[in-house]
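Look at the two complexes coming up: chain A is in both, with chain B in one and chain C in the other.
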Partner chain A sequence: MNWIVTENNKKINALDIPAVSIEEIKSDIENMKMRVVGFFGKQEYENVRLYVVMADDKIGKLYVTSTIFTPNMKSYESFTQKFPAFHIFEREFYEEFGIEPLNHPWLKPVRINQDKYPFFEMQGEDIHQVAVGPIHAGVIEPGHFRFMCLGEKVYDLEIMLGYQHRGVEELFLKNKRYNNRLAESVCGDSVIAYNMAYSQAMEALSGTEITSKAQIIRRVALEMERIAIHIGDMGAIAGDMAYLMGASIFGITRTLVINTMLEISGSRFGRGLINVGGVNFDIDDKMSDKIIEMLDGVAKTVDRTTKVMLKTPSCISRMERTGCVSAENAKALGAVGMAARSSGVDIDTRFDFNDKWYTSLDVVKPFKATGDVHSRFMLRYKEIKQSMQIVKKLLAKLKEFKSEAIKVTPNNMLAPNSFVISMTEGWRGEVVHIALTGANGELLRYKMKDPSFNNWYMLAMAVRNNGVSDFPLCNKSFNLSYCGNDL
Partner chain B sequence: MISLLINILILLFVPFLMIGVIKKTKAFWAGRKGVSIMQPLWDFLRLMKKDSVISETTSWVFKFAPVAGFASILFAALFVPLVAGKPIFNIPFAFVVFSYILGFGKFFSLIAALDTGSSFEGMGASREACFSTIVEPAFFIGMASIAALSQNYTFESLRLILKNAGTYGYLIIALLAVTLFIMLLIECCRVPVDDPTTHLELTMIHEVMILDNSGADLGLITWGSAIKMFLFEALIANLILPVSLHGWMALAAFLAVVFILAVIVGTVESSMARFRMTHVFEFIFIMSITALIILALVTYRMYGG
Partner chain C sequence: MLDTIKLKYFQGNQFIPDIPNAPMRSQFRGFPILKKCEGCTLDESICPTGALKANPLSIDMGKCTLCGECKCEAVQFSNYYKLASTDRNKLIVTEDMTPEEFAKTAIEARKEIKRVFSKSLKLRQVSAAGCNGCEMELNACSNCNFDMGRFGIDFVASPRHADGIVITGPISENMAYALEDCYKSTPDPKIVILAGACAISGGVFQNSSKLNREFLEKYPIDLYIPGCPVHPLTFINGVLDFISKK
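What follows is the complex of A and B.
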């Protein structure tokens, strides 16, 4: 058996992970028809060990294998030629360990060495280049965009990131204690998702069983984060279309949600709420009623504003058929999360990976997939509604566990030689944390993957053949993370 | 003499208030309190106190353009009827002179944008030039038609429509008002053509051309574009106000029309999204069509049965 089968948040023995040849992995991947969620290296003395993690969304299982590159193996035949979804993973692996994927069609820097970035260029009298960033006009993160335009039409967009590379993965290894404050600072708009993924990974490794109450509170927070950011994004989409009413009303509404988060945890974005071993703040009956009351109010406003927007011809005309990504392209590129769902790729780790708090809730999956800005707008609206239902059901369930504690003291020792994959569906998509411990239970490798890592190329595809003035709208409809990609 | 002085004062200061009213209207629709109506004036005074930062890659054109633009707008204003109904230079074919004097200023702002060498500003310049080119014929057709109707080729023809066209006049006035209003939205870069408040350089038209301007230069540009918008509103006011108004009544009615138009602009901006760049042309063609209908009506009135 070339692969070891595991589940989300399940600890496996790292020594059990098979080490096979890269050709075998490649032929297996061809037969498996699964999705890549992890493809990263680890230095083992003079060798580099490459771990490959594939996910089967239909049955909610993860498959892990590895291969070893000895110092004289400096290259391998790239996976990307056959499976485009690997392109960014192989680039990252090459950048970190210098092992070259041969015949990779797009072997460019991911995070470092941007000064040597080889831009794709087109020749021609009417072609003009537009360079945007890294410093942008709005208060957003840095990233460089290079457009190849013919008049107003974009032929190609190349996205160069890495300005926010902080070496976060290494920082996790330096800290001996649990470091939730670091985890929630990786990506400021997915505080809960990152912190939850980190905590779950650490709990799995240390064998800490947290209470049902804490589980529920975490998920309430996760859904509230989704609601808040989705509403904010809908407002931002309206703002980019110069639809003032939508921008301001969604903006006001988002504040109501994050202010409730402030009441729960003392931070509008839920910083400090989650710790390894549980949560730091309780949601009592009074708070629970408050949340439901707030959500009802928010639902009304969101419904009304969305309805008005979808009745405004100028809004519809601006959103429809702008920035289309077909389901085939999204699937081939390995897109994940909300952006993939809006193109018709139905993956959602909340429901696919047997999270008992979600699958037991019997909520309909929202779906509307035309792959354009309109679809991403509609999907957000539907996910907000869905998340509101989930929060209400979770809060009702919370009452059953009233007597439980919100946190337990976690075991301070991590299990030695263990490997765990922790996936959390943040609002943008799956946040994957993979942790690997050594013989003394010390962290040897901490690997994170933000959904943006998969999805940035999808944005480049979406902008093709659109007007260059539609780029901001496309960009906002994805709202991908720079720091989550740069780490 | 007093009327001239009042006209000059109105020309120079009402535009700030007009922009303030638009901002207030937008704030009202957004559920905000909004800044004071006087804020555009304070902003202007603040800018005038500042030095300009000028890019090293630019030439004299870049420094000349804000002045040329402002001067051309002020000069064009001399041909436009304000309160009293008679402009200072009441010459035949004033609408052509008006157009091309504004065009002179626009030409300099276009080449100044290209002068900076920024790819954004080049795009903005090409958009602005493109839209202006299509707007111009529609404006000429509309104005020439009513001039032919009254056989008066000055801007006074705006006030002679009812006298010459009888009941058709109301229709012509309505159509011409729509034409001029659309022209105002395009030339002054308001939603749905452009978004004056956006920060997204890739979507801008007018704003992107002045990205490199700062300080007093920027102050002159904002003042100039406010006056330019005011001139279009003045044309509409002269078109729709009854000829019989005189003295203070005329002044009050004129200012009322200017501010009501500002409220309408603000409301339009609040209630619709801007068009996709390729759809703006369809919007401009509405203006061409109304102008052609005016031409048809005038022809029918003059030569038809």
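What follows is the complex of A and C.
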């Protein structure tokens, strides 16, 4: 096995990354039994170099290797046949570099050429198709869904995305300064998670050590983001079941959390809070008390509303056994984050990848997952409670570091020939940023992976054999990101 | 049923009674206040979107993400949130301009618009590569706090039912066709509203090669609502000032 072992947010020398044959990588992956977090190419003169990053969640380590495709190597035997989790990564790699994974079961566009998208077809007298999007009925992002139905029942759903493609990865390379504002706008519902992943990657590359105080404030913000979005999603799930009381109450309860965020950072979603080198706004004792008071109030409302919802038969019957994904399928598809946990795949980068601020908190994460909408609803509820606990513990810890500065001046030069993987567990799941620098410390490749990138196919699996009218409910229970996928 | 009624009782009334004069938290970064500052040199390049110009001092709210990166003696952000304007050029805030001065001339709508839309305005929103920030805030406009529906302003599911479209996001190449299609499907008379820095100027994505902003040159734009993302109060008040007869 020829792989470099590394950790989250640890800089390694890019020249140390081995270049092996693609067959060797494939046989290694078979033996490793780990999950993929990175599979992307980079142009190296006339060659294309493919980097593969695997994660071992049990011991919190990352494994990196690479292979080189010379100009006459135009194809390779696809990984997806054996490991379905690679399907979207291989499609992306093919789209960007034109190197074809042979015998890929569904080699379709990811972000471009939507007009040439080859949809699956079903034949038969009673078969009908339902096409939805790119513009949806609600105020949400664009994407196209194609249902193959027999009567009310969905046989298959195909999801065609790419409408949000803005070339963000390229834009990161064009910048001469640190661009936290761009990082925040990659995915506007995970502002803190993206900005944190970006900042940590840049800090690792530039050798900037930030203060403990800044680290704690970042994590407080990250958990508040999780609380806010989860509450909003519970409201949206209630709304899609036509339980309007739930929709209204969760909606206004979310406002309390994001308005507290506004008081901390001047923006309801925490924009402008994090910069490379630390944070821009302090949380003093007064603010800390305010946050705790707010959370206590919110906890009461969320508890009460959830309890009533779970006593309402019409809610339970809509949620239970709707949109099921088994643990086996979730694992095979490489699902991550909240959606994976709700199907019983217990991965959480906050705790798995040795983050001293989280591992020292002593919080429990027991959850009996059933993989349906009810499971995702309940997981959100439990994660809200868990995050509240975490925020309180972090705020108590913050008092120990009162005298520290909130930011340091970052080193403006990135280390040359370096490679770093930065993972942050946003509310949706792991946000992975991978940065690679060249001989003069310039950014050569910036690769991002949103949890949605893995999880969109999970949604397609979830709606199989459900009524087409349950699709909005399933969709909302995942609440995946379009822009995080399309970049 | 009884539990549900109890739930409602515990919530009380949470709507904001007076939207046009709703108080805003002091920490909110809104209308920029620019003052001449002797002996200080502003570095334009700290602005991620090129909204800040040092000589003469000005901030283009159509580009500004209100991130506060440029905050100093000369540049302060007030919590004034009514930032909308019918004229793109008026979004450029210059030295010593006060929010009151800006508000006086910012929104000048034609009489016909007020006549046709003042009681009811149905909007179709198109997210053209928006990051979901503006989308979440536009959704929040219809929640129980802001309750935009009380003014007869609503988001509808189909462009056929709409009186206008609201565009968020920098308009990616891939969305250009769908956006134009949506606009054409909206019956006349119709209005176009741009919400957020991305829609107005491309925002942080303005240098991307994957955008196609031809739509904005082809069709008239009626209202610009800055923000990153647009605050619900900015949006509702912007639209209200645009349609209400006063």
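By our rule, the second predicted complex is superposed on the first by the 485 of 487 C-alpha atoms of A that agree within 3 Å, B and C clash if a C-alpha of one lies under 4 Å from a C-alpha of the other, contacts with A are read in each partner's own complex, and residues count from 1 in each chain.
What we mean here is this: contacts are C-beta pairs under 8 Å (C-beta built on N, C-alpha and C of every residue); 3 or more make two chains touch, one makes a residue touch a chain.
Values in this document were obtained by computation on a predicted structure and should not be read as measured data.
J.: Since both structures carry chain A, what do chain B and chain C do when superposed there: clash or fit?
T.: Partners fit side by side after overlay.
J.: Output check: A:R304 vs chain B and chain C. Expected answer is one of first, second, both, neither. What do you get?
T.: It touches chain C, and chain B stays clear.
J.: Answer with first, second, both or neither: which of chain B and chain C does A:R181 touch in the superposed model?
T.: A:R181 sits against chain C, while chain B stays out of touch.
J.: Between chain B and chain C, whom does A:L444 touch in the aligned arrangement: first, second, both, or neither?
T.: A:L444 sits against neither chain B nor chain C.
J.: First (chain B), second (chain C), both or neither: which does A:Q129 touch?
T.: First partner only.
J.: Which of the two partners, first being chain B and second being chain C, lies in contact with A:A332: first, second, both, or neither?
T.: The answer is neither, since A:A332 touches no partner chain.
J.: Which partner, once the models are overlaid, touches more of chain A's residues, chain C or chain B?
T.: Of chain B and chain C, more residues of chain A lie in contact with C.
J.: Students often get this wrong, so check: with C-alpha centres, what angle lies at chain A between chain B and chain C, to the nearest 10 degrees?
T.: Between the chain B and chain C centres, as viewed from chain A, the angle is 60 degrees.
J.: Quick check for you: in the superposed arrangement, does A:S248 touch first (chain B), second (chain C), both or neither?
T.: Both: A:S248 reaches chain B and chain C.
J.: Considering only touches as defined above, state whether A:I112 meets chain B (first), chain C (second), both or neither.
T.: second
J.: One more residue to check, A:T322. First (chain B), second (chain C), both or neither?
T.: first
J.: Mind working out whether A:G138 is in touch with chain B, chain C, both or neither, as first, second, both or neither?
T.: A:G138 contacts both chain B and chain C.
J.: In the overlaid three-chain picture, find the nearest pair of C-alpha atoms across chain B and chain C and give that distance in Å.
T.: The answer is 5 Å, the least C-alpha separation in the overlay.
J.: Please identify the positions on chain A that touch both chain B and chain C, taking each partner from its own complex.
T.: 137-138, 245, 248-249, 252, 312
J.: What part of chain A is in contact with chain C in the complex they form?
T.: Going through chain A, the ones touching chain C are 111-112, 114, 134-135, 137-142, 162-168, 170-171, 174, 177, 179, 181-182, 185-189, 191, 232, 245, 248-249, 251-252, 255, 259, 262-269, 271-272, 280, 301, 304-305, 308, 311-312, 481-483, 486.
J.: Looking at the complex, which residues from chain B come into contact with chain A?
T.: 26, 29-32, 119-120, 122-123, 191-192, 195, 197-203, 269-279
J.: Hey, which residues of chain C end up touching chain A in the complex?
T.: Going by the criterion above, the answer is residues 3-4, 6-8, 10-11, 14, 25, 27-29, 45-46, 48-49, 65-69, 77, 124-140, 143-145, 155, 157-158, 169-170, 172-175, 178, 182, 198, 203-205, 207-211, 228-229, 231.
J.: Please output the residues of chain A touching chain B within their complex, sorted ascending.
T.: For chain A paired with chain B, touching residues are 128-132, 137-138, 152, 238, 240-245, 247-249, 252, 312, 314-315, 317-318, 322, 467-472.
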